[in-house]
Each structure stands twice: as structure tokens, then as C-alpha cells.
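Below are two complexes that have chain A in common, paired first with chain B and then with chain C.
Let's turn to the complex of A and B:
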């Protein structure tokens, strides 16, 4: 009895420690955004003279609202496209038997192993040639299909009862009808969970949007953050303020969809 | 309304041949049963008739129309699946209505058709529930209603009662028989349960290992099995098989009796055996004995008495089925007589008495 209790205490202690490690940077970001320039390098856990100055400066320095909007458009478009392509590809791979299916599946799985940096340059040249730089489409298109999403959908389609699909075929339903009217309503929670993960990933995308967009007005918020750090001067306070703002949409999503998010992390692993 | 004809159907999955040239001719309006052990290919055959699977070779006809490669929806058939396959996200009403909606049947006509069928399967009060809120039996009825509402040429059923408990299964069996009589439509019903087959079917097709073993009425199949497989597959307990040289001699447990029962005045033979176990089932008793030719089950009226350890079993010549080495039925009367005569000698030597 005593032993079980001490194990529980130990478990709680470890969990609390891990939570602190996870939450601390966020906490530090928020309090730093309220510290003034002279206080920013002190190790005080609460700002001595809290100020909005950093926020005002951040808003004055860059079009934060426009950039947030850009981020939102890019992340939403990317999520929708990735969901659409993975649903269609997953259906084809699970339901149809065609020549070269195994090859396609293997190639798809292999692309997962190629780091983005390796295809970045060819992608950049292509997007440039099409003339899509400085355009949200230029950020989104190379990410219109995601292997991770396709394989996740493939897995959940695989475990979908075939008898239901057979019944729908006997009822005269088409392939698209089966996908959208029979399968989708029954794996809605899987798709929502996947969508959340895809959205968060898209929101956090940094390197590629930075390559494609030079103008602040066209860039997502993450690119703007960089402007507070340069070779001359680092404006930590404003950087923290802007970063805090950039986190707000994701924090809001967490607040409203907490159950789904936990579910998606359990289902698909933390990417 | 719908005859089903299958000609030389073969089906392979990779290297494995599941169906090895099947010929079936199911007359219009019959209650046909595809019976066989699991893995014999019966469900594959049914799925091919439904259009859910393509045959490797051969042809399928419904109402004399070649539908071998038609889409499932163009075959005019209703199918009931083993696990019901109801759409979980739709209400009972919507489940039944779905096929009609896709067929673009006029709304008022559609509602009328669905309501009629829901009434017929007595689910009116559950029309707005989802399948998850229904019991197994009710779900089964929704599945039936979904097939009925399309007014198909034929109904295909893939072990539809196997998920129900014994009592409900009996009840549904009766309901299906009545339904078939009412609809006057061809039913093709897949099962591995020989009791279900015997009690429901007007025509039974027995399959094993991708082949058809025998086709016929329940009576023909029971009284006149074409081979050892059918003799052993039909009947519970299965037909007793006594091995004698190259031949197998089959006698059904219900055609044997314990000598002391006194029901065996017309019996031609007596076999001696040692009683291993006795099961009193109420209306009847099943005795298991070991004899010199193997284990033997005897089914008789229940006496509620434990028989003597050493007992004698009586049976008649007319109930004896003989099969050759390949398991085919031997109908050569002389050969059978000779065999039995030889066995009598053996019998005699083994202390069995000829009456």
C-alpha cells in the first residue's frame, strides 16, 4: 500500500516537472512581452513595471493583422487541399485494384523520407517560373498533398467495414457518393483530428513561406517575427509581443477544440 | 419474378482457386440455400451473383439475362448482409430510403414505399432511430426492409441470422419463410448451418472446397445423399461412418436404436458396442458407443435411463448408405448386399447377431 502511494507521488512529480518544462518557455514569452527594455534580461518571473510598449511597437512596425490573416488563409487552404487530396488518394488506394498500385504506394511512403530541404530549391525555381511568388498559392501548392495525411486516411479507410460499401454499391451509389455520403460521415472525428494536426503544421511552417514571400504584406506572421531580430539590434520585447500574438489563434483553437486535439495527438502521434 | 442461373463459374484469388466450375440453376420463386462449411466458396458465389465480385470465368444470368459483368445496381437484387451493414449515421427510415433516393424515385412515392415496408417489418415506432439504438433482431429487420423496398427480382442473404441468439434465430427463420411466401420472390440464402438449411429451404445446394457436392430438395439431400460429404454434413449428430475395407458404411443416428428400446422389430442387423456417454435432451436421447468399426451415435426416444455399459444397436438394411474410396455413393445393390453379407460374417465373429 505504502509502495503504491510512493509510486503515485513519483509519477505526479515527474508529470509536474515535464509540464513545467513544456509550459515554461510559453510563460517566459508572455512575461517578457510585458517587460521593458531595461528589465528584459533580468531573471524576474513577474515584470516589475508591466508595459504595453512592446505590443504598440510590434503593431507599428509590421502589418500584424494582415500577416495573421495571411497565415490563416495559407494554413486553411493547405489543410483543405491536403484533406481533399488525401481523401481521394486514400479511397483510390484502398478501394481500387489497378496496375502500379503497389509502386505508387511505395513511392508515396518513400517521399516521406525525403527532407523538405532536398526539394526546396527545385520547388522554389518552379514556383518562381510560374510566377507564384509573393502569392499565398505559391506557399500552398507544393504542400497540396501530404504523405502523412494520405497514409493516415489510408489506415482509417482500411479499417472501414467493407459491407457498408457493398451495401451502398447495391443501392447504386457512385464512388464519390460512397466516399462523401457513406465513409466520411462515419470517420468524421478522424478527419477532424487529422485536419487539426495539418492546420497546426501549416500554421507553424516557416522556411518555405520565407523563401516565397519577401514583402511583409504577403507573408504569414511567422516571417514577420524575424524582422525583430537582425544583425544590428535584437528587439526581444517586441519579438515576444509579436510571437504571443501569433500564438493566439492556435491557443484559441486549443481552447475550443481541446478534446479533438488531444484525440488527434493520441491518434496520429505528436508530429 | 427472378430465376438465377450460374454457368461454369470459376474464381481465383491469386494462385488460390476458390470456385472450381460451379453450375447452379435456381428456379423462379424458390427458397434456395447455399450450404457448406466456412471457406467452401459459398459467400464468394453469392457476392458474384450480387456483382460485388467478378468471376474469373463463367457466366451469371438473372431472368435469362447475362449480367456477369453488370454493375450491382443494374441487377435488380436485394441483399442482406451477415452484420446487417446498415448505415450507422442514418435513421432507420433513411437507411431504407437511401437506395430509392439514388434511383431518383419521386419523393411522395418514395415516402409511401418506405412507410409501407417499415410497417411490414413492424418498425414504425423505430423509424427515426439510428441502427445503434436497435436490438440485433430489429437491425436485421431494417436490413430486410432495405432489400424489400427495392422490389428486387431476387433476394441474396449472406448468413443473415448468424449474429442473433438461438431463440431470436428460430423466430426470424419462421418470419423469413413467411416473408418468402408472401413476396413470392426467389431467395438465395447462404448458411453453414444445416438445420437452418433444412428448415427453410425448398432447394438446397451443398458446396465444399469450391465444388458443388449435391443439389436437391431437403428430402432428397437427407434421404439420398450423393456422397460421403453430404451424408456427414447433413444431420445432427452426423451420419455414423463404419469403415469396412475400401468402403464406408453410413447409417444415420436416428436410423439406429438401442436394442432394449424394443423399437427395432424390423431391424436387420445388430451391432455390439460399449456405451461411452448418454445425453438426455428431453424429447430424445443421444447415446455414444464405441464399436469395432468406430464410434457410433444412436438417437432414440428419451427413456431417462442409463443403458447397460455393453449394449446392442439395431438397424435396417434400407437405411444403410455405402460409399466408395473416393466418397462417392455406391448404388450397386449386389455390391451392397455382398458387403453387408461380409459384414454380417464379421459381425458374427465380433459377437453381433443377425436377427
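Let's turn to the complex of A and C:
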């Protein structure tokens, strides 16, 4: 009995240490954003005289609202397109046997081997040729189909009972009808979880948006933040305020849908 | 008479059109899978495979990406230049350093943590999981900004604490020091991955049948022996999966931190292969050199991936 207890104490000690390591930087970011100019350079763990000054400065320094809006447009559009293309593709892969299926699976899996850095130059040239630089569409288009999303959707479609699909077909339901009226309502929570992961990834994306947008007014928040970090103004309070603002949407989603998110990351793996 | 004939003719016509529409339907069915796959395949073709081929071609050309100019074919010049560039050699060394260095964070520590905390009850476990996961969902820029502040040379919390504890007496400029810079980038990447990996290993562990451990315990096997003879073999698919992920993605994970914190420096001491590709392309406007590096490493990673795939098929032990 005593032995079991000591193991539990050790377990909790390990887990609490890990949790502190995981969330401390976030805590430090938030409290730094509320420290005033004289306190920011001290190691106090709770702001003695909390202030909004840093936030005011951050909003004055960068078009934060505009950039948050850009991020929101880009992430939403990307998520919708990735879900749409993967629902259609996933349906075809589960529903039919056809010539070239193996080839398509191979092509899909091989994209894991292509790092974005290996295709960024031709893509950059193409986006500029078709005039979509400085445009949210230019950020979204190269990521409109995601292998990760297709294979995840395929996995969850595979477990859907074929008897239900056959029954719907006999009732004269079209393929799109089967997909959107029969399958989708039944695996809604899986699709929602996947959508959340895709949204978070899109929100956090930064290399490609950095190449496509040069003007702050067109850039997502990550790009604004990056140039703020690199600008070497010694305004750490405001920088932490801007950083806090940039991850509020993600943290809110996480706060409300935490279990969903963790479960689906475990199920689908990482991008 | 003519009435009958007309009926017969119209019946025949009906049959013909029916056949036609049936044939059309059949060919539509034949085309349907491709129709559903078209958007995805088209997009991946235009934004992944076609540019990959362009990169292979650009590897043998010289081009500064200036609109209106044409690439000039230069043969193997880019590859020769690559190996004469000191930063490129640095970047290969560092890529290996990061790839191996990440393994304790993505496999060893998470596996031990998962084993040590196995059998914890549901609700408590969920609270821990929720916290472990936070580094995973934060943007690289966010993480970069926070760490840059924590490790600030003059006023960062780390320097203040080290001095308060009397461990150091001067400020350490972590990100401009050739030794500290790459270790810090490694730790940041590890920090982002460790919680996620622990959760993956925990999930895999809960799927292992508890009877194995009970039987082993009855036979007098120690905890350590159980770990070596039961846990690790049964976790081998997860271990190989995480190994593949670590090798293929560690350079991509570190890319963002390198860009935000050190820009590869000081003196190329923290750069990795993907960051060099980015620098050649968008700082030096040398598309050929960047593409040569991309081509070379595409081949290297492909060989590694095939190797790992074979390894997974051969050694991963599945409990059926």
C-alpha cells in the first residue's frame, strides 16, 4: 500500500514539473505584457502595478486589428478549402475502386517528403506571375489541398459502415448526397476536430505568408509579430502584449475545445 | 398500320436513347472517382509536384528570379559551389546535430514519462494532457518571441536568475554565442515536442493489454525487465513512427526558430539545411544554389525515408 502511494507521488511530481515547463513561458509572456516600464526588467512574478500601456503602444505601432483580420480570413479560407478538397478526395478513395488508385495513394504519401523549402522558389515565381502577391488568395492557394487532411478524412471514412452507403444508393441518393447527407452528419465531430487542427496550423503559418506579403496591411499577424521581434526596439512589454494578442484566438479555441483538439492530434498525428 | 409503325419506331428510338444514357451513365461512373479527386490532385500537382520538378531543373541553372530574365544553364556548377560554401558544410553538421539532438525529446524522455505515469486516472490525466499540449499549438513566432525575451542578454529572466543564484556574474548573450545558440534552438524545439510525444506514447501504452504485465509480474519479472521485454517491443510501431517524424521534420521545426532568433548565426553556427536554402533563395537571390541544395537533400531524405519504411516493416512488432 505504502509503495503504491510513493509511486503516485513521484508520478505527480514528474507531471507537475512537466506542466510547469510547458506553461511557464506562456505565463511569463502574459505577466510581462502587464508590467510597467520600470518593472519589465525585473524578475517579479506578479506585476506590482499592472498597466495597459504596453497594449496601447502595440496597437499604435502596428495595424494589429487589420492583421488579425487578415489572419482570420486566410486561416478560415484555408481550412474550408482543405476540408472541401479532402472530403471529396476521401470519398472517392473509400467509395470506388478505380484504375490508378495505388498511384494516387503513392503521390499523396510522397508529399510528406517534399519540404516547403524545396518548392518555395517556383511557387513564389508563379504567385508573382499570376499577380496574387499581397493577396490572401496567394497565401491560401498553395495550401488549398492538404495531404494530411486527405489521409485523415480517408481514415475516418474507412470506418463508416458501407451498408448505410449502399442503402442510400438504392434510395436513389446521389454521391454528393451520400457524402453530405449520410456520411458527414455521422462523422461531424471528427471533421470538426480536423478543421480545428487545420485552422490552428493555418493561423500559425509564417514562412509562405512572409514571402507573399511585404506590406503590413496585407500581412497576417505572425508576419507583423516577426518584424516587431526583429526590429530591436527595446520595448519588451509591448512585444509581449502583441504576442499575447496574436495567440488569444488560438488559446480561446483551445480553452473551449481542448479535449477535442488533444484527441484529434493523437488520432491524426502531426502535419 | 402507320400508327403501329410509329409506335415501333418510337419504341426503338427510346431504346437507343436509353442505351445511350446508360452508356453515358456508365462512363460517368468510370470518371466519377477522378472527378472527385480532381481538385486535390490538381492543386497538389500545381503547388507540389510541378514546382518540385522546376526545382530539379533550376538546380542546374543560374537565375536571380528577376522578372523578365531567363535562367542560364550552368551544369553542375551549383553543386560544386555548394560544397565550397562554408555555411553549407556548417548547415549539414547542424542538421545532423538537430536531428539526433531532438530524439531525447521526441522519443526517450516522452516514453519514460509515459511509462512512469501510466495508469493514472481519467480526469487528472486530462488536466495534465491539456497543459502538456500548449507548446504544440503555439505559433513558432510566438514561441520565438517569448524565448528571446526569457533569454535576453541584459534583462531576461534566465540571466537575472543565474546571477541571483550566483552561477554566473556577467550577462550571457545566448543567441549571439556560437555554443549556446544552437543548443537553445534545440531545447526550444524539444520543448515544443516533448508534451505532444508523451501524449502519443501514453495513448499507445493504454492500448497494450494489461494481462502481459500481470503475467510477467507473476513470473517474477522486475519493472525494468518488463520495460525492456514487453513495453518497448510493443511500443515499437510508435517508436518508429516518432523516429520517422523526428528525422523528416526536425529541420522544419527548427527552421522557424533559426529564422526568428539567430538568422543562422553567429557565423553560421546555428543554421540548418532548410534555412540555407531560404537564405540562398531570398537573401542572395540565387535560385540555382538554393535549388541544388533542395535537390540534394530531397534525395538524402528520400533514401532515409525508404530505409525507415523498410525498418518499420521489418521490426515493428504488432500485437494482433
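The rule is simple: the second predicted complex is superposed on the first by the 254 of 271 C-alpha atoms of A that agree within 3 Å, B and C clash if a C-alpha of one lies under 4 Å from a C-alpha of the other, contacts with A are read in each partner's own complex, and residues count from 1 in each chain.
Here, a residue touches a chain if its C-beta (ideal position, glycine included) is under 8 Å from a C-beta of that chain, and two chains touch if they have at least 3 such contacts.
In this text, all values refer to a predicted model and were calculated from it rather than measured experimentally.
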item	value
Partner chain in contact with A:130 - chain B first, chain C second, else both or neither	neither
Dominant contact partner of chain A by residue count, chain C or chain B	C
Touched partner set for A:248, first chain B, second chain C, both or neither	neither
Partner chain in contact with A:222 - chain B first, chain C second, else both or neither	second
Which superposed partner A:56 touches (first chain B, second chain C, both, neither)	neither
First (chain B), second (chain C), both or neither touched by A:163	first
Touching partner for A:96 - first (chain B), second (chain C), both, neither	second
First (chain B), second (chain C), both or neither touched by A:173	first
Partner chain(s) touched by A:182 [first = chain B, second = chain C, both, neither]	first
Complex contacts: residues of chain B adjacent to chain A	47, 50-52, 71-73, 77-79, 81-83, 85-89, 98-99, 102-103, 146
Of chain A, residues touching chain C in the complex	10-11, 14-15, 18-19, 21-23, 25-26, 28-29, 32, 40-43, 84-86, 88-89, 91-93, 95-96, 98, 101, 104, 107-108, 111-126, 128, 141-145, 147, 150, 175, 200, 203-204, 206-207, 211, 222, 225-226, 228-230, 236, 239-240, 243, 246-247, 250, 254, 258-259, 261-262, 265-266, 269-270
Touching residues on chain C, where the partner in the complex is chain A	30, 32-37, 39-44, 47-52, 54-55, 58, 65, 67, 113, 116-117, 120, 126, 128-150, 152, 154-155, 157, 160-161, 164, 191, 194-196, 198-200, 203, 241, 245, 248-249, 251-252, 255-256, 259-260, 274, 277-278, 281-282, 287, 290-291, 294-295, 297-298, 301-302, 305
Residues of chain A that touch chain B when the two form their complex	161, 163-164, 166-173, 177, 182, 185-186
